[in-house]
């Protein structure tokens, strides 16, 4: 892979011996088989100037089109000549340049290497990160002079130490045993998961016993520091799954836990929330493309209202005739669920629809070298907590909450106390449905939005509510978090399928010990 | 030692007379059904030629056979739910266990006629199994299979029920753990490691008792047997709920504490009816598999178990005949609607469920009763 | 011997020693009554010691609230014992303990001198011969009056015998007799759920009669009955007395007056006073907490 | 205050109330007696709108209310103490009392005199209603009905399960409430002496019909005690 | 009769409706097209649509009905292997004809079935070859990730054997399964990340339709980029990507025998027809009409059947089967697709596509020409002795 090594030697020289971008170079980088293009990229970069860099950037941004033998750089919808920067008419048959993974990764490396000497500290940091993320041995060796140079020039201590690690990783392949030993020692302080890869690969090919020992020592150290990330990662994913289970169950905790409606359409109410999110997304795309990233904020109340209104309509038309006959509600809501599913199939089609994460929700915070917490998960955790608090407040602290609890316990007598039970019932069911809608809005950010969305969660949501103890909000929270974390720990250990089975068996056994759920209601009031 | 109360002459108190198993018209309906199943259907299917308006098509035989299996499940559900007030959302497991037991036998009956010409079922061959796993030990014996069809669902129900009822798990808590049970079983059977053919389950049956399975007479035989089983179970259930045992069940449903303070141990009663109900489902599953030609873990999906409860509710709970009707109505409607209105049938089915609950709180049977009462007036 | 049995034994000896040391029950036999040796059949209630029910130092608390507080009480065979006491004194809770519905935190409860009730479940206790009427009438709402009584009938209550059970003529007669006693003869075929409150009370009493228990626990049996019916209930209880032991909880003083021999007053979970009705009615403390002025 | 004319009520096919008429006036205690199952509770439930009546009119405060919902009747000023207590088992004592104030504006405090009347409630404010003893629940049910200071108070066997001293208290309260002159009281009672002590007017029901009525002071003389016996 | 009845057996409700509904519409579109050109042998085609509702036994029942009651000449249907397995005994017994349009695990050959989707050697193996190549990134470690059912299991078994034959050690292969409808891929993705620390890793995904969106969303959020750990999927096409935000997924791969982005006159035509049909019928999503591999396979299937009927001059099953051998059709994928003379599978070209930001695929690699299907994979023991054609006389005689 000589040409790839060439790339990095070449870049070192850029500052002194820049050539103008040539038509041949453009052609070489743009047309032909991937490997040939990579080679052309290397050669061009070797002699490159600002214009070359700009063209590489354009290639990397997928902003290059071709027509016949000609390449165009696209900027703001207009086409420019890569050589002259002159604006050109874009032929109708122009096609995108396709960059397979290999090409893309070389483009990134080339750009990173170019930016390693940028004046902007942030660009340098990003470049170092890109290079550190690469674990291709061939390239590593070639990179050494470049890194050495950057290391020498770097003034920011944080970046300097990162470059030192990069250098050490490369030196691990040095033919000098002393250098290898030194590198191994340096790397043992690394928290970068890539270091592990490098060490493992080196270990496989290392023949010197001393170095082997040093490598092994470094590897155990790195693995030990990574192990933390793994553990925290498992807990985080448990909490994250738990927060989803909680969201999914909260609405049901009202419609079923308080009102006693075995609401088989709960899942479909979530689905409505998710579709409402989809519709809001569509409206933003159409009418407010500039504010697209904030569509989700608008979708939250819309999802709530959409599901709440549907819930209110259902309550008024069907559910209200079934109070005191909980088992009949099972049958009727099952029917409702079938109809709602078919309804969205008729309106939106049987296929899933796409709901995008807003930009601020993609990516994540890097907490440890191997632990990054995705923003969408964090947002959902916070969202679940907020919904929970809001609902807990509403139920236990407000008059509405009191009436809801009173009415659901003894409808005729509540009525004799002057409570408009019909209205309270509608509010309560709408509230539970609205919360299901909120759950649907959240789910649209992590999973499918399709007619089946609800079906996937109905079993889980009932399990959570029941395991927690029917009518016990605190129990619902414990159950959701407990199941989430248990599930994730088991999954890391037994795989997803057995973990799921184990969790179900756990529920069965747990209920034996606590026949009324975690937060069992004790005493006489439980029987009343 | 009997109590003496201030003695009042008691002889003029009219105690209700003990009802017979079925009323007069009940018996005649029963016998009609018996004749329809054992004589009419075979004649119409096997002897009346195909073009004839009276011909009963093979498709109809298969469909009715399948629905009768479902009806047995609905009947079983009625015993445990309608009469005892215990809603099981896991009866699909028992159905599937019976079905799988039968399926294993049928797989063994394929012999070396499979794709791989091996003694092992095909799916085992291409998953590199070298020998039959232990739980297939008795699958080549028809007699053992018959025993296992009863024993496996029965034992599973016994163990599960014993622990659950002993811990006094009630109401939705019970329903939910039965749902967990069926869900877990489904996932377990999905796994290829468990040796039940994974997601595909068992198909491509060829023989039963060395007789080819896909012949009209064999099909008819299975149909008749299913019919007889359904009718037999119906009589059995009728007798059961008519006995004091049945009334204790209903008493448990209404006021379990009172039952205990009256000196009955509900554990034994619940367990007995639970196991009986599970066995009925198992038998239904065993009859279902050779007629439908496939058994797979889908039968254990929570939705299937919920559906069983729905048949019972549509027909009318705690009436025995209701759930049977319910199974026929719902499944008949499904079969017809999925063809007649493939894109809209869910609306109709959903509306049916809502309509029944709103307007026929006692199911279809309740409607019939009401109409009859109205007619008498 | 299981460890907890050993422990219990040790505890009992300790207690007895303590009693002896305190000078109570200081007889030759260590406080025990004389008795002749005889075979005790399991399930048979041994009343040779003159007591059919003993409660000793029973306590129970709910979330820190002591509903029963070191309660000791005993009842003789054939006795009709009235229990009165303020609302919340723990009368119902005491019955819950005797019938196995509530587990006490401490104390002993014996039926006869051999049966430790704390080791039995509700159904077993009922089969041993303790019947109960609840404060809130509980009957099988979806069954007819007839079926309610039939279920209560004293027979083998196992699964198999229920399946093959048929009412014999003696039992039918008995059933008819009870129906008349409880004034529900013309309601035999009505659903119990459709009865009025008072009718349910009667039905529940009827079920107790059918059950023919050795000890009847009656929690406010005449609540909601007219005076005339109250009188008839009193009459009924008096005829039961002697052959059965009864424990009646009531707030109706006139009713108590007609039936009572010994009245026990419970207050705050333990016995406040005990004696004839006149005696307790004269007790200042009883007037203070219960009867009012 | 309350004027009931010729109401008829059926459960399914059976005719429970037959042409029942009655009146109740401010400052007066009207006592309704009758044996078990004659239809007293049914009558009260009809007044509250809990069971539908087939024919007849109910006038309250001069307005017909026979078609009003129970909560409208409650809001019009009818307080109800149902038979069998019917407290909200899983609400605390305090919340039960708040339910009694449901149609009052949000900040209305629970009247302090309720606690004077039933001190046990004050001690047990945080306990779940369902955990109370039977008699405590009955006291709670009465307090709950009184909380909103109704114009008509309907009580269905309020002394059932209550200890004698509190029965006396309740009697005094009823008397006091009536004597204040701003409340009409309709009392169903089996406890004859209690009923007689309180009655300004009395009614005796038999098989869904009134078979006797008159003034409280004449009860003894008119042999009402014998009427409710068989 | 003056029409020829055609059965359509695709789930329109339940979990599989997501994938199968468009196939029903594809058949209907093709029927319209054929009828517009005068039908088959002068007779119009009459579609009989039923909904087996993602319920496998119902597939068998509906097949009985289509063949027995409606007397259809051919059935286009099924997606999952289990539905096909459920239908198979029925079509064999009643001597019907089934066209199955989806890639599957092989290990099956029936006289009464034509398989127009890919066998493992027409999809899985070329994909792995590509990922092992320099251009594909030179993967050395493999995560075989699938939904827990027979298609992924068998495919992975074949791949494992294949990888072994290429010198990959068992420790460098990680096989993982998730339940149907699994929606939480946090742990799996974290595990993949960890596994990839051991060397250049590629993921082969046989995750079933519904779980893909959560999987890809998690992949995107965990920052696992295609250039680091490429994922190649066998069940993810344009339709599945409709529901995902594809930006973070750019560069991940899929292996199919057709992509919408393929440039060929036949494809342009196909897409045009489909768009027009979707608009005319107001199908949901018609604002962004998508085509995919199973649709193409369906379309080829019905057209080849039409040619075969015309060749046989009869709709008689046996005659049509005979006439099917060697049929060719100008496939939208740009090749002349041929029905194998013997093994009832199509010869197909294999394409590897990389996901683009707009949810379409860039074809980055393809086989030089059509590949013949090997339904009996040589990587499964004992298959070398299997005849590459349906065994005669398997169907049990009826009536």
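In this document, chain identifiers A, B, C, D and E correspond to the written order of the chains, with residue numbering beginning at 1 in each.
As a convention for this text, a residue touches a chain if its C-beta (ideal position, glycine included) is under 8 Å from a C-beta of that chain, and two chains touch if they have at least 3 such contacts.
For reference, the UniProt names are A = Urea ABC transporter permease subunit UrtB; B = Urea ABC transporter permease subunit UrtC; C = Urea ABC transporter ATP-binding protein UrtD; D = Urea ABC transporter ATP-binding subunit UrtE.
Small disclaimer: the values here were computed from a predicted structure and weren't measured.
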Neighbouring chains shared between chain D and chain E, ordered by label = A
Comparing centres built from CA atoms, which chain ends up most distant from chain D?
-> E
What chain pair has the highest count of contacting C-beta pairs?
-> A-E
Work out per-chain C-alpha centres and flag the one nearest the whole-protein C-alpha centre.
-> B
In whole angstrom, how far does the Cα centroid of chain C sit from the Cα centroid of chain D?
-> 32
Just give me the whole-number Å value for how far the CA centre of chain B lies from that of chain C.
-> 45
Please compute the C-alpha centroid of chain A, do the same for chain C, then give the distance between them in whole Å.
-> 65
In chain A, what residues contact two or more other chains?
-> 341-342, 346, 455, 497, 500, 523, 527
Where does chain E touch two or more other chains at once, residue-wise?
-> 12-13, 148, 179
List, in ascending order, every residue of chain C touching at least 2 other chains.
-> 62
Under the touch definition given earlier, write down the residues of chain B that touch chain E in their complex.
-> 57-59, 62-63, 66, 115-116, 122-123, 125-128, 187, 190-192, 198-201, 203-206, 212, 214-216, 292-294, 296, 298-299, 335, 338-339, 342-343, 345-346
Complex contacts: residues of chain E adjacent to chain B | 12-13, 49-53, 55-58, 60-62, 64-65, 68-69, 80-82, 85-86, 88-90, 93, 107-108, 148-150, 153-154, 157, 179-180, 380-382, 386, 396, 398-399
As the complex stands, chain A meets chain B at residues 262, 264, 318, 321-322, 325, 327-332, 334-339, 341-343, 346, 455, 459, 462-463, 466-467, 470, 497, 500-501, 504-505, 507-508, 511-513, 515-517, 527
What residues on chain C touch chain D, complex-wise?
-> 62, 65, 84-89, 91-92, 135-136, 194-199, 201-202, 220, 223-229, 251-253, 289-293
Considering the complex alone, what residue numbers of chain A touch chain E?
-> 33-35, 62, 96, 98, 100-102, 104-105, 108, 133, 135-136, 193-194, 196-197, 200-201, 230, 233-234, 237, 240-241, 244, 341-342, 345-357, 362-364, 370, 372, 374-377, 445-452, 455-456, 487-488, 491-492, 495-497, 500
